[in-house]
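What follows is a group of structures, each given as structure tokens.
One chain, chain A, appears in both complexes that follow, with chain B as partner in the first and chain C in the second.
And then the complex of A and B:
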């Protein structure tokens, strides 16, 4: 599962939802895999306002990934050479900056293949197996 | 007609095979009237148009619906910075649907982004207020709910085996259609989560219902959620003497901004 997905997930236990500690879920014993994908600059720019940056930084550091900048990048920082007249490639298409590529790597290419996601509030562990996270709770349906 | 995603890799012995209900969702989402509605809500001129919309399908099954949305987002929403996410209670469906969506995006050269398919109950693992477009083709047949006691063992391959058992497959397929009393037990649980799940500014939900689900009552219930809540039938199939066998109901909230625009 992609790290971006963790930006939208919380503990499935109802009583945890109101507790701030239930987000983000903390990866534990995670085996990571890099799955390469094309950079999509327009998407990266428009996903920025939805990212919980501080929480994302926590996840990255818990996974031992390179430290993310303290402040969330500005939209403009995702485009190469802005203001120097060299930000345009063929057909006027914008070129992703290193910041964009780094963000892309963390959000969309870094995948948890195996491991657990742990709720900071109740301690419940959700297993990730073969890249699929299991949020089913025991007796959740009865 | 927009192309239907390929599901040729999916084993329909244990994952719901796309059927009339699935295709009604595809046809409705890509109909001129729904595209017009969605373009207005999400297109260039919409409010917060520079924030990527998040589409959630609960109960993805083969992934045919989510794959269709991911592949055809430009036509449906008027934009491609769309993020798609799914859930299913059936782990085999989660794996199958991920592949369907990824393939559909590749085949169509769409520039949308696929998040993941989570193996979970309804939308219980999702953060509140995050979903812009919600889609659910639920288990809607009035039939007794399956016995969930073996779910954990039926949800994975038996230890040391490479194939599922017959009982396991029957159980997983039952999960895909059996909806309990009035076919509404699973849908009712979902409806309870819905107001908190949808994004307050632009959330919209598409729900498939059959005639036995008493769609008029369902719509009325949504309208009673509070001021601004709307519910309308926006697609139907199997019309017989004014009695639609299947229909798609859209729920959404009219915000202050919408009213000033009109």
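And then the complex of A and C:
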């Protein structure tokens, strides 16, 4: 499971829906893997305003990853400055900046393969096996 | 042939054998791919998006979502997250190394993502399963309510969802669309090859706000054969709605009948023939 996904995932238990502590879920005994993928700049630009940055930083630090910058990058910072004289030529592909590549690395290539995700509100543990999280709930918790 | 939904719960029906048989059948691959493309054309995505696939199975749709627009996926490549209740189906998806994240989950229990997560959602040949409840504590209505309620919240404003499904009958089709409307969606039903054994039903759903402002007619305008099931009052699309729900069309007749019924008048029960042109008999 990508860290991107973890930035959107909440506890599935009904009584947790209204509790702020049910997001983000906290990884425990997590095994990480880097799964390489092509940088998709337009996707990063699309998703950027929807990220919960403080929570992403928390998760990164819980996983022992390098500390993320305090503030979320600006949209403009995702694009490399274009060469001189080229102007705003049409059809020119935008080039992803180092910031975009770093963001891509964290969000789309860093994956939890094994471990658990724990709700900060109710303590429920969701198992992750081969990258797949088990969100099936026993009937009484639905 | 009996419907699989009437024989076993989905996680038991889609066991290892059935899941493999399903995924390797070239006939099924072709049909599912065609329906995925149809759903994508209804979603109108113009940029790489975050998409939820409900009942993703072995990832037949997901593989298409991950393709670039140059390979025929509008707005692609997209990033997708798939939910499925069958671990056998998901194992096959893992074997195929799909790029989407997978969850073992029952859509009838809800959609565990924070509000406004997804640009769009699609579901191919899955939600008819929600009309079955496997235990006495559950009801199809309750499962549909949790599913559509969760789906509605998890989509961003202006987002869309398309669910192709195989309703058992008209009552089930109505139950499913009513649950979607109740959750807040603007809804339309689209039927391809109606009346044949290849009939395909698509439930097209929009979330208010954003560029569409929940005006389902914006999605279905110009598409033939779409019946608007959105019955909310006071929406902006009032004038435009007429254009889609044409006077004399089945949707129009059904709505008129409902109005008359509410006034206590006796109306003829709607049937699959309602609103059809009558052939002139010589």
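In the analysis below, the second predicted complex is superposed on the first by the 129 of 142 C-alpha atoms of A that agree within 3 Å, B and C clash if a C-alpha of one lies under 4 Å from a C-alpha of the other, contacts with A are read in each partner's own complex, and residues count from 1 in each chain.
The definition used in the following text is that a residue touches a chain if its C-beta (ideal position, glycine included) is under 8 Å from a C-beta of that chain, and two chains touch if they have at least 3 such contacts.
All values derive from a computational prediction rather than experimental measurement.
Novice: Please work out whether A:70 is in contact with chain B alone, chain C alone, both, or neither, and reply first, second, both or neither.
Specialist: In the superposed model, A:70 contacts neither chain B nor chain C.
Novice: Touch test for A:93: chain B only (first), chain C only (second), both, or neither?
Specialist: neither
Novice: First (chain B), second (chain C), both or neither: which does A:36 touch?
Specialist: Neither partner.
Novice: Can you list the residues of chain A that touch chain B in one structure and chain C in the other?
Specialist: 1-2, 4-5, 8-12, 14, 23, 40, 42-43, 46-47, 50, 108, 130-137, 142
Novice: Sort out for me which residues of chain B touch chain A in the complex.
Specialist: Touching chain A: residues 50-52, 54, 80-81, 83, 85, 87, 89, 91, 94-95, 98, 111-113, 115-121, 124-128, 130, 148, 151-152, 155 of chain B.
Novice: For chain A, which residues count as touching chain C in their complex?
Specialist: 1-2, 4-5, 8-12, 14, 23, 37-38, 40, 42-43, 46-47, 50, 52, 108, 130-137, 139, 142
Novice: If you look only at chain A, which of its residues touch chain B in the complex?
Specialist: Where chain A meets chain B, its residues are 1-2, 4-5, 8-12, 14, 17, 23, 40, 42-43, 45-47, 49-50, 108, 126, 130-138, 140-142.
Novice: Could you pull out which chain C residues touch chain A in their complex?
Specialist: These residues of chain C touch chain A: 47-50, 77-79, 81, 83, 85, 90, 94, 99, 101-106, 109-110, 112-114, 116-117, 119, 135, 137-138, 146, 156.
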